[in-house]
């Protein structure tokens, strides 16, 4: 396996899926060790940094990449296995941003109400305890929460010649903001353009399902991933596989449309794995589906349909590539940055 | 504690929340042992019973109740603790019903497409193994799934003089169809009319999150519940408490509105329990919220906001009534029907 | 034709569709001369009456009725022809109500933002000029607008034993809030219960499409209507006919579902009138449909699909009953109250 | 005034807003005489051309442009005045496309139902009578409808470095599909990138509001437009002005969000023109707004908020540029192609 390390300079960061020149060309099977800047572009460093001032820019949610995957052609399946995610700073930040988030009006659906007050929360990351610390601002309440590093954004260049902001989740992946995108997961994405043009970023030291206020515990991240390619078989919507679960991620508006997309995608997957016709797969899904919402705050909302593998007979997806990648990941030993 | 057993005759079943005469008057703290008919009114008994023929009726989703709770007044909080749910038949049934469910057009949002084909699935309930059996109809696939008995429908009479079909979930509870409504859960509902007029029904031997096709493994159920009353404090939206989690259930359309309702309800609850102001509670929720969807198939969709109690310092809700009810439930010993 | 006059006392007003005893029994073909209170129950009489104080009640949007129509059975079609609408007061009122309206968050879709400031606007009705007067409160701007009297609410008892608040629009009609419900229109409603239990109210001296802030120029109204009955043929959704247009009104959430309901209803109607199959009617509708939104503020939103009769060959709906009712209306001469 | 004629070759057509090299650079105030291909790229020419075969391509909805407007900078306002739209063929075509349109499930919100049958309708354009002819396929019904030429798509390059398919309507304009985009209208668009990169296309010989099935009477069009530039003042959402109306067009999902965007945009415009504060403008809009839906079929839905100028005192928008452009248009005399 090739093992490539890439730490972007500020100028090398990109803010779109599609439309950017590749930073590197890699072979399928390459191990990538990367560094990702936080979604604020590093502009929020203390409780006094208010989003409306610090983030007055179009340069939000910087991505590391894109990487050109040799041999990737439209219709193929890119498999991205997350080997390791390690917080790269000793703190993360979450902000209440005016007219952004799930419990405020937003420009896409405006009201005449005033914005919520701004607040910036700094979460100290305790590496030893592997926790992040919440401090209330209206009272003395403090709380340590287990860290749970994940990536908000993983994606490829979109179809139909489009270039989308890295704030957008859609069929090409992007800013899906699901806590399921964590160590040990393999993400399957349809390749839409030659070379796939894969990027990732938006590290979260921890996030709840829904990302209610619009920003998780955002932080720079060390990322190690193996990027592999399966010829053909590109899914309609992003899929995830962990040791324990199969998952499909739909994105759209309203939220039920994201859910429908993720459900129909899973029905297709169950059909492929178990020879079920669509009605039988629909029926079975009804009784075994889990639906942890990903985000209800981005330009599209994202919903995850999730199935516990233990409920089903073994049937390795994509020829068992997830197990192979897990095992390759283990062979890397401890990753240090 | 009073312990009352009530098994309704067919004529005593009710199909609405509000608008029906109470079947019994009970004191707060009463243990109720009940029987609930399945959502089909018992009209589906074999694979050959097609919904479009068998269910051509307004008598769907029969409820056991309503019960008049003595002393319950508008603004109070009804606490319903589910002591036991035991399948009352040796099989449950799930049906693909024309123009009903999450992955078909529906009368409220019609298209010009033909309906999906009908299918009825009978799930044998293996009491010893505590499983239900799925048999595909388009292939030979068979699967045993763990039973996970729950109630689709728990509610009280609505506000504003309304009478709602038992197919509807809303602020009064009703047909929320969340798998979280299981043994050991305490459901808190705002009382809207004198006596509360509480009913329950719609037993499911198992259901996935979302209830994709619109019908779970529907089955008659033996139910034991303790019904208690807290003066005042009625929540805006139904709340649930288990030994491990706090939950709020919002219902509405589109799905993000159900989500918002459940989130704001939880922000209020966190504020009450921990003295957090609304912005701090919003921030904290962002990092700890779980969002298992309840249903995306009923007249309103339902979303659950769920918090793991272990993440938070102990702070008993409603004066610790859940623990008391748990303990009272244990004192009842094994329930037999 | 029987001609019945009914002016309700305050105690005779009703606040629901379904669930109320009929105030009168009338024969099909009866002319009704009625008086309707405004949606505030007459509690807003000056700019100083703020909604949050004056409307702290469940008694909103009072209806005149219900009327029992002799011979009306489930599945029949009620035809309500609006002969005359005359403002019954010399002023109407519109209010900005906290957390109500189209450009604020609402309890069904809450945010954490503060409510908009309250304002009450009194519009003087100039009977001679037939105008209502708008006066800005933040500046000196004043404007006379043509009066355009209409009824926000026309409906019958719902199906499935339900009782709905008079704030709700749905398949039974109710609070549709479309300016199309004006003098000269005939409204066709499906009868759901014996006697139909028809009511109306919520007079508006003028309203824009959408009813943006949630309240039109609300005012007490003198109403003269002819109520007729067609056996069978009850439409799925309310229909309207004027001398110039055919219209169908769908209600639901999100707004596209209301639109879909109104479109499919019109496709059915075109099919009946012109022998078009559903695909041809869909195609034709695509090129001739008008879609004036009714309201985006009520518990359900309402959309109107509207077709200019001039574009189509003559084909009298319901045996030409609209023309007959128009002609009967003219035979009544000038209505005085 | 410069007067430039541009008829694109097939290779010069573009399929995105943003991301394409300008075909021409023009000065503000230039008269453009253009030709636009139909949305099918000319691939549908008879009833036997089925969309699923003929349109199996990413090259849909070709645009004429983009044009680089000299001096246009981000934040400026582009004013596009439609002088003339003349059908360039003797027929237009509308198609029922599988899984596309308002009354079928679509990939963004999939169901498990079969697609609707395909049909292609050819509408003969009678230039003398200025009508298009509809012929039913399931019966003998035929109908002549007045032609009403319009452009489905008018837009500029998007903000945030995005490139969007020409199938998309959004804040940059694009595929809004409103019949209001007709001769005599001036469209105001915010400039997002240097040069604005303005394109147009998607001629419709006639369309109803909503574009129910997803395709209007699509046809190649001769277009004459004057393109002017106002420094600064770029609106959040596209605005339209005709001799009789002011209009704002919002796009998004669900449909109520498109409506909200258009309403808040109009409130801002009313505020600018009449010195109304936001609450007064909200109130006034409530009583005078018209809301003709544009489309409920594209990747975003579009809604128009429309105000009759006659209801308001004269107050020329943008310094009276619409009247100037109307008058410049008249000075061009009859346009021949």
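Per-chain numbering from 1; labels A, B, C and D assigned in written order.
To be clear about the criterion, a residue touches a chain if its C-beta (ideal position, glycine included) is under 8 Å from a C-beta of that chain, and two chains touch if they have at least 3 such contacts.
If you want to know which protein each chain is, UniProt gives these names: A, B, C, D = Acetamidase/formamidase family protein.
Values in this document were obtained by computation on a predicted structure and should not be read as measured data.
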Winner on C-beta contact pairs when B-D is weighed against A-B: A-B
Repeat of the A-C interface, chosen from A-D, C-D or B-D (over half of contact pairs identical by residue number): B-D
For subunit A paired with subunit B, centre-to-centre distance based on mean C-alpha positions, whole Å: 33
Distance from subunit C to subunit B - Cα centre to Cα centre, in angstrom: 35
Subunit B-subunit D separation of Cα centroids, rounded to whole Å: 48
Shared-contact residues (touching 2 or more other chains) in subunit D: 103, 110-112, 116, 254, 256, 260, 264, 267, 279, 282
Touching residues (chain side subunit D, partner subunit A) in the complex: 15-16, 18-19, 58, 107-112, 159-165, 167, 236, 252-254, 256-257, 260-261, 264, 267, 278-279, 282
Touch list for subunit C against partner subunit D, complex: 94, 96, 102-103, 116-117, 119, 121, 132, 134, 136-139, 141, 143, 145-146, 206-217, 254-256, 259-260, 263-264, 267, 274-277, 279-280, 282-293, 296, 301, 303, 305, 311-313
Complex contact set, residues of subunit D against subunit B: 103-105, 110-116, 254
